[in-house]
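Heads up, the next two complexes both have subunit A, just with different partners, subunit B and then subunit C.
Right after this comes the complex of A and B.
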């Protein structure tokens, strides 16, 4: 590796995040008495739990990442997810759908999310308003529809069997050598991997991906360079809506319950993670790899607080610190690039 | 002719308005911990039924998240709007003291529940005394654990006064009656009233304490979350959990045998009793609620009075019960 390449690498946030993640893994490994990584087998009870937590957060982070690369903020994706899955599960329950297969429900949630996302896209692309303000408005609007207008209720034990069975699928099963306790690697991890691959492909290999980076870098230049800014933004926000609906439904399956207000405030843990992973708050920057590393850090911390002997109050402290560090690093980098 | 009819109607309307004011229908507000959760939906139904039965409107208003600051804001708005009666269930009793003090200075009758330690209220009403429920939870869990093994307590949040008091009482009960039950080092964990968090905590706890056998939960998310983890670990019948919970929310686990029982009282009845108590004070039927007073609901026909430890009385009824696989369907929620 030549020095120029090394120098370039050390300038990237992802590089430091990866170091943090490795140090953290080492710390948890030591404090837990070797429960995080146990060779020769790859999976342990602790790391499958961390991976499981990463599924929903990681997929939401992908939503947030693509929006941030385009220079926008989407605060409404948790509200879209919540309205999509709450409406879907209520419809399925009332009509007796999805008793054996979850596919219709997943498609329905995506369709609802797509429609909601289109509303975001339409407002943002047509009126050229600040994305944060627009999505803050639509977030409240969607929550209002769910809780006020439709009065959607929690669905727990009565959740259609198709969803419950789907959420319990696993691709690996084993038992903890020490205690004999069974553990499984949720099959939902495959969705996270697939989504990361797809987003990575779109960002790096397609015109749409290039358009996102260009718009995020400088919208006026992008427009002059021939990118259709309006159409790109409309497509982006509608796609993120559909994706949010899908992710919400995956969460419902994994938890075997549909709770309309479970997503409230979710954006406030996801967006900092994406910033921490190297996405710029000014747009034009961000990678799938950095985002996955950052989500990994947060999932690992939240799943090992007790093992590390950290009081639960300190988790809030940690989350606050993440926001501060992430935003500061991002702002400093943007400043350095200008000079 | 039309003019005369119109005039008569107008006079009648004015008279009925005067009559209503003279009769003194109070303006009542009920503020729950949160809205949009089954437990509080059930309370809301109770409050609405009470309003229909008594022909008095009740404003039912709460936050969409379990947030002390948001709740205080809602209470402040209501007090400033001008109400006569404020019934509520605080997320953080200490945070509500100031606004309750202001409300009482304005002559508003303030009735709390699940906050027996509060000072600036007319009365706090509990379905039962906290020590009684804590001991009940412990007795149930101890029987399931065979009266031996390691256990831990779980609460929705460390700031939720009553849940922490139940947990304290449960621990006291274990120390007194079950010498072979051992409380692990972490003693108490909080799940932010989220079943997913309760699940994660259970997974982590079992990792940290391989011999952990029981989780004494309190809030309605604790047992369902813990049970899902226990089922996934394949530990049904070897590890146990209990908490207060809604029957329909835990029916899967009661049927599969992962949960043997959960504890419950009917919070919608407690809410009605809050309103009954407030009405008694408002109408001047009673200056003070005494031991044995009838507050007009099942379990509260002869209420108990106890000192809250700060020199203030609170009211409690006889209201907890065990929900099992045999009786969960009878509750209808």
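Right after this comes the complex of A and C.
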């Protein structure tokens, strides 16, 4: 029984990703002269930067993960996020909202994202179209609304104070022993942790979560088993829309600026990370743990390229490599399962 | 209460202009195995979908346990105790055995939260119904087809099934697995469950069923007890024509052999095999699975190894190292399933016929001469009397038998001397099987040398003028003419 468990574990992508992450941490730790993890304080300037990068990417990865488990692809979540936060910040600015508290803005962005997500969900569940094509269409459509129809502008220094203050909240503060420069761990990390916990709970402990796996595994069987596939998909895409709106707003707070074009092409770095984390491109496979580890690997590499002595121009090369490795492994696994 | 568990009278169903079910009468007795037989497209699956509530009938009456049923939905069918095990088994390959077993009942119970303990309990209960033991945490996709099927059966039993409908359950199983499945089916039958077994395989139907209902073109043409039916009648009802075994009579055997194989060896697969083959012959190679019959064919087509011995074509020794080379040497090989699967259904018939010989039809820059493509393919249409009025129509417009003729013409286009058919009629309807056999006879008598590799002894006996038998990688017997009988072959194999 124990050997069987061990065997199952070693067959999972997450297992290998974790090993890669540990090796990478060790490598960066050595090359940076112990700057990644420093006891007793644990947090260093480098690792809080990595964690900060992981907040938005990690949360977006959760959006992508749940959709991929159900056997779909959502290319539109960055566009939903961009339209939601650009519209929200513009409205807040014009009406003088959110000067002290960001909550109304966060809810508004979620509501906008929810409506946009419902459009995705409605098209996908009603017309049974390929999700990648539908969301490619809505992605362009949403970007068009934001840039063309509403002509939403960049908002930087005039961003409502409520958002700025919220983004500056931190849960840890220290100073770099060498330079004396202060650094903080953003409180937004808590949202990432909370979201991971919620998504993990939904995926593993609710029938809705199991429905996503079931639909991703075999949609016809899921229908026959008694799942309402149409409703499940509608709920999924609208929830992802709302979540994307929320994440976008968190990003605005963290960056203290709202730039409509900032999200363009984001899906092309998020989806590969999710695949690298063990989600199958054919659906039905994927875990929160694997996804977080993969996002960790990518954030760590992109933040420590200089330390590792790699020119940052190699970033693109690395991203491409991630896509190829992730997709190949995913395809090989699916093949093995068929035979 | 009537003696029938399920009774259907005068069932009618139309899809647009197609009369899918025409006044079908059908009944299942409790504790019996009822076989629903018929060739592809006869309305079997439509009938099943009406019973399981996926389709609604246009007319007719259904009673279950004596109670008239007016409107069936899938949920209602489950409540009544009707379970369908579809051909694809409706499993989730990405989930564990436990989840596959428990998920349906959890959904039916309207649960929202997952309770692993309860799931495991449900799964164990399901397995105990037929005393089947398997690792609950194994991934479903890793199991063999036979195991997947047993899991699907266990899952169906959770719903206190009174009637289990199995849609072509033996298609992907080996003989041994079929025997194991039948054991389970009998076990269920003896516990009082009615089994509706959908199949088109004569042998299986006679082995397992108590009652049989045969459908043809949307009508039921026979229903009654299996023991009152002869295999001959069965074939007649299935196909609507009197099929007599047309034994192959060679009329055009060449003097010199076209293929000579001497002491051919592929270490570990087969050893020291020698035979020759003349034009106009149909040579059967038979033997059990693992006897080396398929490997021998692979070597002849350049897909297998040759460790020793020689192959000569038309008297000249050759070395065949790749399929491309084999084709150049005018050897063709049609693997199992190819006759049924080697088609682009949504492409024109003509394109399908010419698919593997487009090179003959290209201009300098690689563009295709379409006029010639249609001329050439029309030759095949008339030669094989493929039932179509226009070769521009999609291959999907043809019946199964005609589709197989297309696949054969595709291979024959390349002017072959030797055609190797491996299991040419595996999974093919009786009627279409007959058509293929007739076609092969005709080809042989036109001067083609044919090798049929098959473990279907009846097929070998009817179609071959010479048979060689392999066992454990060695050639153990050869017989010709009247000496070729199933008993004689079995004597050698055993």
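Note that in this section the second predicted complex is superposed on the first by the 338 of 339 C-alpha atoms of A that agree within 3 Å, B and C clash if a C-alpha of one lies under 4 Å from a C-alpha of the other, contacts with A are read in each partner's own complex, and residues count from 1 in each chain.
Keep this in mind: a contact is a pair of C-beta atoms (placed from the backbone, for glycine too) under 8 Å apart; a residue touches a chain by one contact, two chains touch by 3 or more.
Since we're looking at a predicted model, the values are computed, not measured.
If you stack the two complexes on chain A, which partner ends up touching A:39: first (subunit B), second (subunit C), both, or neither?
neither
Answer with first, second, both or neither: which of subunit B and subunit C does A:53 touch in the superposed model?
first
For A:284, decide between first (touching subunit B), second (touching subunit C), both and neither.
A:284 sits against subunit C, while subunit B stays out of touch.
On subunit A, which partner touches more residues: subunit B or subunit C?
It is B that touches the greater number of subunit A residues.
Once chain A of both complexes is superposed, is A:149 in touch with subunit B (first), subunit C (second), both, or neither?
Touch status of A:149: no partner.
Tell me the contact category for A:158 with respect to subunit B and subunit C: first, second, both or neither.
A:158: touches subunit B, not subunit C.
Subunit A residues touched by both subunit B and subunit C?
Touching subunit B and subunit C on subunit A: no residues.
Write out the stretch or stretches of subunit C touching subunit A in their complex.
74-75, 86, 88, 90-95, 99, 103-104, 106-108, 111-114, 135, 137, 139, 141-142
What does subunit B use to touch subunit A in their complex?
Going through subunit B, the ones touching subunit A are 35-38, 41, 64-65, 158, 186, 189-190, 194-196, 199-201, 203-208, 210, 224, 228, 232-235, 248-252.
For the complex, which residues does subunit A have touching subunit C?
Residue list for subunit A touching subunit C: 4-5, 8, 204-210, 213-214, 216-218, 220-222, 224-227, 280, 283-285, 337-338.
Using the touch definition up top, name the residues of subunit A that touch subunit B in the complex.
32, 35, 45-46, 49, 53, 143, 147, 153-154, 156-158, 178-179, 181-184, 255-257, 259-262, 264-265, 302-307, 312-313
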